[in-house]
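We just call them A, B, C and D in the order they show up, numbering each chain from 1.
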């Protein structure tokens, strides 16, 4: 069931009737993705505590409908760091998309282009950034992981510039990825066809050796964790705006802002790093308050509906990233599925806005959410 | 199972012994209503978040019994906007009642008349307002949806006036109705025999066409959403008192009050519009505080017992509307069922009042509820 | 299975090995009591909301163990309204005890005498107060329901005085008893052998007739609800101290105190009256604060263990009443079971006191409980 | 299944592949320990309320990841009461370890020595303290229960000193141990081969006889409970530093500190004494605040992962004790299992520190945890 041909043949060229809302792709994808791959994609780290927290945080908020508001000129348009966008739905940098569909990121990129959604292409994509760029629309960003060797990092940066990517998103929170126990118990291993296409041409980094007293974590894995020095260096190496992804603490947000970040992505890596980290949504308001009301903030972590997008914007986000739903929709119907998923989310957001009396995203930001169990 | 004959024959002409309390109609109705229709009636919008919130909000409140209070002159009577009523139980404007019983609203109207309960007849009734008026008691109100063409709205108004309806209830919160996913998955579709009888004589509104850049929500569905202008217009077109239904936010309540509303119905449309909206009960106290203690406020959303009615009144309602229970009781035993359901609720309310030491509805309003998990 | 012979033969003359703690009688009793009777006994009113709340309130409190406290002179003794008692465990006035054991209250009374536990004999006992008095110890109290005719109330009072009862407990909170839906659905009806033995000699009260406009609740059932006038009258009719049972609100407590009550029983009738009333334990601290620290307060509602007794005393009770556990133990092993249940509770209380560093009940009252989810 | 040969043969000499995290030993041990023994080991007292509370308290806290922190010199080393330790993971004094493995504490001691973990040997070990000392590393402590006869207590102390134990841990909270109802229902009884090896040479204490009016608890079991006098005496009898274990209340902590304790172990005996006691973690912050920031505090109660260790240290602990996981790992693979369990916890702690930006345990102490459901 894991060979790509099989997945290919089962991917549809129409939207199944049972997709009633964007989140339905989550359920339906289980028919299109190998179970062990699904465990890997859907799982968080460890026992999924943070994965679950991301969803619970949304469920705890409610939106009060409003009456008689004029939304006849309503629109989800925004300007993000100077760029006009028709809606606030971006595609998160999800790695190894051939796990879900044989053409992987190429399909995703076509969907993003069709829906004018920013696609953020991953360093660990299973297609090269150059191939993805050919399918992508003008709004394509490149997600960067710092490599052990700066020359390789630099080469990736140059390639992204050459391929017309318009922004860099440096991920900071994934120095250690603690695998999902569900994935481990399902005995997930990456299939052979699924490689980090951007990196296959580079010679591997020399293996670090540890002395007896050194820690595999502190002196091993963390040796190459991004430092402030790395960031300062990176910012001198490119003319592209640089975003930083994986911010959860207001102090870290302020530091990155002061170093010259174009903006930040509030994220806990979809619950895939520190199991037991708070929900992204929980930390969002304090981060918005710390960076000021005009600073660009993106958000990911648990969004499954237009109402969720509304809530994230109400709590401080300018726009949001879609992670797992992207892969689920991709698995079901390729580019068509991803495009339909984005369009469905978009319309769910519009309906929520209309019912909440918000004609613009700015109106959302001025909306006070209620705790789901508030009783005055 | 969906043809009306079958439902008719299974509707009883006696009250089944298993009805021990008003809420039991909810369970029993499942034997009398086609499962897909039951899914449509019982469902809220989307994932039923608000539907569930409506019930949870009641469960979270408790009522402290009182001793030695003289309730020998106890009564549930009230004066609502100048009209004396023997009890605070009104029938909400539930559409398409032939889904539950072949005679639909005609049976409901007879029950309301017998129990001196205000019946609010829906624009989307499956009987005409004129036919319903013939069965109804003197306290009959007409629920109005603004129509795309003002001349049709006006015609409905004139017909309601002519048929002796004594108040108009304009529903404001249903510009977009997001269907229940349960109903969708049950593949509900309105049976052919079930039509909006009041509207069949009018020519359909011309179809709106959208340009490429227009939103199906903002420039489509919401084009005909009620505006302040519509309300001001409507209030000049009738001598009848006009209530507004679907209010959840205190600011909206104040606006409508200032525009000349006779009173308001605090409601989230039974959890059928914005899924994720707060419980009606959650918002009620703030709305009561906003409009002042003498302004007429009705309430619906989750009431299943006399204790629930007590709680809604304690938190600010003057009277309450019964929605789904109405259809459930109708399906079980027609007019007899609806009448019995109202009488049962009434007696449950009286018993709760007696145990809580309240001889009048005013006494209830002076009662402080406790959070169910309060620990001093 | 409901005939008394059968129950008799299955009642044990030894304590079963599976009784590891007092609460185990709750489970084990299901083997000794007819299921429909068990539903009646174990059920609360309506949907058991208050029944469950009584238990949850205990679970929400925790007791912090203490070290190095000298409890070598530890004792559970107390003086209750001037009477010395070896422990604070009283037997609540549970009606119709032949439901659980063919000899009913006679067995219970023998157990109470053996363990020096105050037995409160019910007006609705299935044995006469005179027969019960012959089995009971010197600490026997009589629970009184006001009868529609004062002369019968007075006769009951005189009989109780003549039979050596030393206090009267007037129950105030049961004007309306809403039956358990579980019991109703189990089609419970009182077996013929089970009668209110104290009342069989009196002529029944004349049936009240209601006019068309009168309420079955307000002008019917509540016609005979106790009033302040009734209480003032009763207090002039007996030299015995009078306790009042069924108090949940601090204002009612103060009123009864001012009228001359010997003391009060904080109680919601075991969750058998107003379904949705708060837990007795929830209301206890406010009542203790209202009546002052020296006024006698008893408590019932949800106690199943010595730790529960500790918690009730810590929150303001002087002593507690055991209701359902009494019947459960009675059903399992008659007088022996009830005695063992009391002794087990007593020892559980002692162990809790020892671990919490309390040598006396006064030490318990000085103990601050924690909310089970307190995090400082 | 309970004879030691059988357990021996099923204990592995390799780490099973399904152990993905330290907590997995909890599940896997069920294949290696007799079910009735497992019930005894895993159970708390009574209904496991406190056992569960210990785990819930951890789940309620979350840890916010941090970015760009330099942890390249990271280390888990600490100095505990003057002694340098490579990590804060100690082995709690778990009694009767031959329940889990035929060699019991001898295997555990070898693991502790290999991982430089302090082993705290129990008075109730199933091997003698002298035999354990031969397997143990230099950091071996002896857990002491005061014996009814001081001469035996003194002899145990002298033997511990002679065998090179470097500290005494006096357990104060186990005067009464209320057995787990799960263990009782599983009909657990200590197998014959499993004895308190340290105590077999002493003549048993004379049986206490109680007069009729004396309480089995207060004048019986508690007769030998530790008093302040006992502690003052003990502290004069040894040159070894003395820790006290079982502290939950800040006032008790201050008293013991003032009497000259080397340090304290915040503990509720793994939920095995007062069922309904608060979680150890709940009480930790108040105790830390009471004793000051430099006083040595150990912690046990519910730790199952490195993230849990992080949380305990953040809330005030200097180091932590592992209880049940110790036995579980012992049952699965003897010394190898225990060593692997410690190493796994250690690495989990390091990974948590790295992701939370903490290079040292002091950094952890400066970290503010969030409530898992905090919403700002």
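The working rule: a contact is a pair of C-beta atoms (placed from the backbone, for glycine too) under 8 Å apart; a residue touches a chain by one contact, two chains touch by 3 or more.
It should be emphasised that the depicted structure is a prediction, and the values quoted were computed from it without experimental measurement.
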Report summary line: Across the interface between the identical copies chain B and chain C, with over half of residue numbers shared counting as same and under half as different, the residues used are different
Query raised in the report: Nearest 5 degrees, what's the C-alpha rotation angle taking chain C to chain D?
Result: 90
Report task. Take the average of all CA coordinates in chain A, do the same for chain B, and state the distance between these two points in whole angstrom. Result -> 43
Report task. Would you pick out the residues of chain D that each touch at least 2 other chains? Result -> 61
Query raised in the report: So that we know how the chains sit together, what is the shape of their touch graph: line, ring, star, complete or other?
Result: ring
Report summary line: Touching pairs of chains in this structure are A-B, A-D, B-C, C-D
Report summary line: Counting only contacts in the complex, chain D reaches chain A at residues 18, 20-21, 59, 61-68, 70-76, 305, 307, 347, 350-356, 359, 370, 372-376
Query raised in the report: In their complex, what parts of chain A are in touch with chain D?
Result: 46, 49-50, 53, 56-57, 60-61, 172-173, 175-176, 178, 181, 184-185, 215-219, 221-223, 225-228, 231, 244, 246-249, 251-252, 255-256, 268, 273-278, 282-283, 285-286, 371
